[in-house]
Amino acid sequence: MSIRRWLEPILIVCLLIWPCMAASAEADGQALLTELAEAPASGKAAAITAIAESGDPRARHWLQAFADNKLSRMDDSGRFVVVLENRGRDWTVEDALTGEAIGEVSRRNLNRVRINNSLRSRIGNILGLLDLKVDDPAKRREAARELRGEVDAVMAESVESLMESAEDEDVRDYLAEALAIHRVQRGDVSAIDTLRGSLSSEARSALNKAASSDDPELASAASEALTSIEQLLKINNAAETLYFGLSLGSVLALAAVGLAITFGVMGVINMAHGELIMLGAYSAWGMQQLLPGQPGLALVLAVPVGFMVSASAGIVIERSIIQFLKGRPLETLLATFGVSLILQQLVRTVISPLNRTVVTPEWMSGSLMINEALSLTFNRLYILGFALAVFAALLLVMRRTRLGLEVRAVTQNRAMARSMGIRATRVDIMTFALGSGVAGLAGVALSQITNVGPNLGQNYIVDSFMVVVFGGVGNLLGTLVAGLSLGTINQLLEPWAGAVLAKVMVLVFIILFIQKRPRGLFPQKGRAAEG
Amino acid sequence: MWLTQPLNEKSTRLFLGLLGAALALVTILHLVFPQGHPMHMSIYTVSLMGKYLSYALLAVAVDLVWGYLGMLSLGHGAFFAIGGYAMGMYLMRQIGTRGEYGHPVLPDFMVFLNWDSLPWYWYGFDMAWFAFAMVLIAPAALAMVFGYLAFRSRVTGVYLSIMTQALTFALMLAFYRNEMGFGGNNGFTDFKDLLGFSLSTDATRLGLFIATGVALAIGYVICRGIVLSKLGRVSIATRDAEARTRFLGYRVERVQLFVFTVSAMLAGVAGALYVPQAGIINPNQFSPIFSIEVVLWVALGGRATLYGAVIGALVVNYAKSVFTGIMPEAWLFALGALFVLVTVFLPQGLAGVLAKLRGKGSDDEKDLTEKEAAA
Amino acid sequence: MSLISELTDREHVFDFLTPAASPVDVRHGPILYMEDVTVSFDGFRAIDELTLTINDGELRCIIGPNGAGKTTMMDIITGKTRPDTGSVWFGSRHNLLTMNEPDIASLGIGRKFQKPTVFEALTVFENLELAMAADKRVFPTLTAKLTGEHRERIDEVLEMTGLQELRWRTAGVLSHGQKQWLEIGMLLMQRPRLLLVDEPVAGMTEQEMERTAELLTSLAGKQSVVVVEHDMGFVRSLARTVTVLHQGSVLAEGSMDEVSKDPKVVEVYLGEGI
């Protein structure tokens, strides 16, 4: 035992320093594995180290197979094999030394090389150290990351030397942290400084343990470091909540802005707005069906397609129903509700009552890692950006184009605008098409974060109305601010109130809010708005 | 007295007469003809009619605020459901030890949730008088709080519609939660008896049907009484020119609050009568789509007529039963199309068509000529 | 007076027995007093430090070009718009800025809108009935009964406004001029102390205008009347004090002749043929 204790580090260092020196003879391999198989439980660790030290290129493969319970010796021939398939009575194996496929061998003929959990974790660490030397820098970084909390006395020295020679800064930081954790575990007060500001759970658990140790100096230093870490964590959590809130808010704002346009300009409550969003989401799905294997391209194409589909549906609704209900907002509300029922049922009948999956393209999956405690998922990041882009485009349309000018004129005084030669009917059609088209865009965005199904629209319509009411009618920026703030409020409330109650509280909040500001955050002022 | 005024009116007498005849007819069809006879009406159908009548009362309540006050409430289902839940709580307490778990006090779902005592707001619901009072008080309280806040800040028109929809939506979300203590998703069901009468006997169910008919008659007379009073004229004035009414010295928000609260109470009674006949109450009753469907009944029947609301509720619900039996997918298409067609082509509803067919002017004008004759 | 003698005095009227909403106090001068009132919408000053006094029983005409702030001024008096600064008193007791529309209306200020607003779904008779001075709280309204006295009062106003024949017609079918009359009739039903009349003769024939002028003149003395009007001929026919508003404040005040000679007024109205 004691011999191994001091031998092992040396062996590992040798392994790392002379990685390529070993000659790989079949015989050596056979000998190493035989030693591993035949050594008593207490001697197996030495055998493992010997294998690792041998520098044999197959060493990694053997150790992995050993750790996975897949290394066996055939009773009859004494050959070492790796089990590939262990179902049924005959198992598929390959020769461990040559890699040659042997085919199926009776289970009874195989004698598994026994292993226990402590050996398994040792192998894990050794493999980790081996990974630190691979060519792929991403893999090296990952291996270094994984080492934190795993370093023990045996490995410490080799880790230290690796750290000094590491070129990658991240790798060096990770290894330094790993070493510091190890030292703190051993009661080294000076190592605590390195852990200050670390956000990893391993560092925290090491510090936690140290904080309750008997050594008062260590305990106080550790708890002090912990406090500063908690502080950092709090900031990161807040940032994360804010991010979730903003991303939820951008979805709400996107879903509501079309409504704000049609309501603001035409005074029309479009209850079918949710279904126009749904049509946009289904366009994303449809495009992916048309372009199988190209989910990313399909999604990009779905942006104009979704806009056009919903805009056309909007024009049909405007021409066939809304134009006949001028000046009767409550009737318009009822009629468009009927349209929403029809559209929902249409999707159920024609496509399916079940939810459809829209594939997330590769460039939208994954997340942007800011630090240990904070990572931003790409899909939400894209949607946030998309929402901002849509708002910017809408603002441009409203402020810089002839259509925008006419729309604003009609919003402020329909009769006057008409007498100035603006064709209010045409403006109505264009506005409704624009509002509906934006709903389609919202649908395309939503297809990335929620289920695409016939009820999609229903889930967003009440929220959208709330955003419009909160933001003030006919005000694009108001809608954006209202959407973002409602999303954030919702996320802030959720941790201690639960998702459903948070929603209820937001609704109650809005009901109370319009007590103070009946016309929203950014009301239109002046005499025109009073009448 | 303002309440007896409608009884002198021809149209109310006609309505009450027809309703009485319908109740008598159903009773006769059920009781006189034996089971198996082609004229026999099964108790299932009787209860179905009872549910329709409770819906009709709800529609009358909606018409009172929409037709005469101009407030399109998309949340009246909430008052209906609250009345229903109050009744449901009473019925749950009546189950006693006959529940699945046999707990003497706690309803099954509470035992299932491992609750050890009754939440405070369940106290008193074992007493019929308390529960029945709550059927009126709970919806009224909600209507007063909501209405006070909304009317005080002059939330009207589409804003009010949206807020009422948000109200019922929020309540639906809340009632879906188990922690609320109202049975979560499943709501209340498996009722045993009401005032000591077993709900599974035909006699009780026939009695419930007749009680619903009587409640509809009373509700109708109350609404008609309000409409015929000076307050009814103030309501119409508010609907058509709110600012003008204010300058005449009427406190518009109080008029609105009063009528809205009365309407909510009627809706609560309708819900309470609905629950024992349907045998279940769950949060779906709060869903915005139910409330907006009620508005369709009123629109189809004819707004601001009261009797039109009754016709609309009966016609749409009968059609729904027939349709969902034959081809369920088509029902939503039909309902959606109905919304569009009624608002675009039938703004006066069936009542308007009836009036046109009879070649007479509007109902109000006819009343006035009567009034003139009396004066 | 000691407490005991107070209690034993049978004629004594205790404070708590006098009605809370005491009548308008005009002993100390004007019935309406506006001082330094300013209102702005989005930076635009609709009313700019306006000071205006209306005496009890006076008939006052207010004229001014479009945008002079005439309608906004009425909005302030009736409680529809709250001014940014300034004070508005009704008599010497009631601060109108602390009251809401119905309170102000029941205090005795009646308003006729620029665009005639009558309740079109109700009959002429019912329109007048609603306007009638009465207890206008919810429950009294619910149980209200029409007494013979009320009918007489309504008949009287119907006669004054010449609408007797139309009493059972719905107001929606009346002509524009008839609606104007009905609205004036509704004002009279309120028995107001102060009538605010916004463009009463718009859309009236020459004859109707004459009758309106007659009616308004006959009201003055018993009631105070403020008339906002564009029609100079009509204002001249009323022949009372005229106030000229311009850009939210008083430009000139005096008799019609004085005012029309004022060079400032002429400048503002140049080309409009005052």
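For clarity, chains are labelled A, B and C in written order, and residue numbers in each chain start from 1.
Everything below uses one rule, namely that contacts are C-beta pairs under 8 Å (C-beta built on N, C-alpha and C of every residue); 3 or more make two chains touch, one makes a residue touch a chain.
None of the values given here were measured: they were computed from a predicted structure.
Trainee: Average the C-alpha coordinates of each chain, average all protein C-alpha coordinates together, and give the chain whose average is closest to the overall one.
Mentor: Given all protein C-alpha atoms shown, the central chain works out to be B.
Trainee: Out of every possible chain pairing, name the one holding the most C-beta contact pairs.
Mentor: A-B
Trainee: Report the inter-chain centroid distance for subunit B and subunit C in whole angstrom, where each centroid is the mean of the CA atoms.
Mentor: Centre separation, subunit B to subunit C: 44 Å.
Trainee: What is the distance, in whole Å, between the centres of subunit A and subunit C, each centre taken as the mean of its C-alpha atoms?
Mentor: Here subunit A and subunit C have centroids separated by 67 Å.
Trainee: Averaged over CA atoms, how far is the centre of subunit A from the centre of subunit B? Could you give it in whole Å?
Mentor: 47
Trainee: If I count partner chains per residue in subunit C, which residues reach a count of at least 2?
Mentor: Counting only residues that touch two or more other chains, subunit C contributes 80.
Trainee: Of all the residues in subunit B, which ones touch at least 2 other chains?
Mentor: Expected reply: no residues.
Trainee: Which residues, counting only subunit A, touch subunit B once they are in their complex?
Mentor: 263, 267, 269, 321, 324-325, 329-335, 337-342, 344-346, 348-349, 462, 465-466, 469, 498, 500-501, 503-504, 507-508, 510-512, 514-516, 518
Trainee: Which of the residues in subunit B end up touching subunit A in this complex?
Mentor: 72, 146, 149-150, 152-155, 157-159, 161-163, 165-167, 169-170, 173-174, 176-177, 288, 292, 295-296, 299, 329, 332-333, 335-340, 342-344, 347
Trainee: Would you mind writing out the residues of subunit C in touch with subunit B in their complex?
Mentor: 78, 80, 101-102, 105-106, 110-111, 113, 117-123, 126, 129-131, 136-138, 141-144, 151, 168, 170, 186, 190
Trainee: Please name which positions on subunit B make contact with subunit C in the complex.
Mentor: 1-2, 226, 229-231, 233-234, 236-237, 239-241, 243-252, 254-255, 258, 364-365, 368-369, 372, 375
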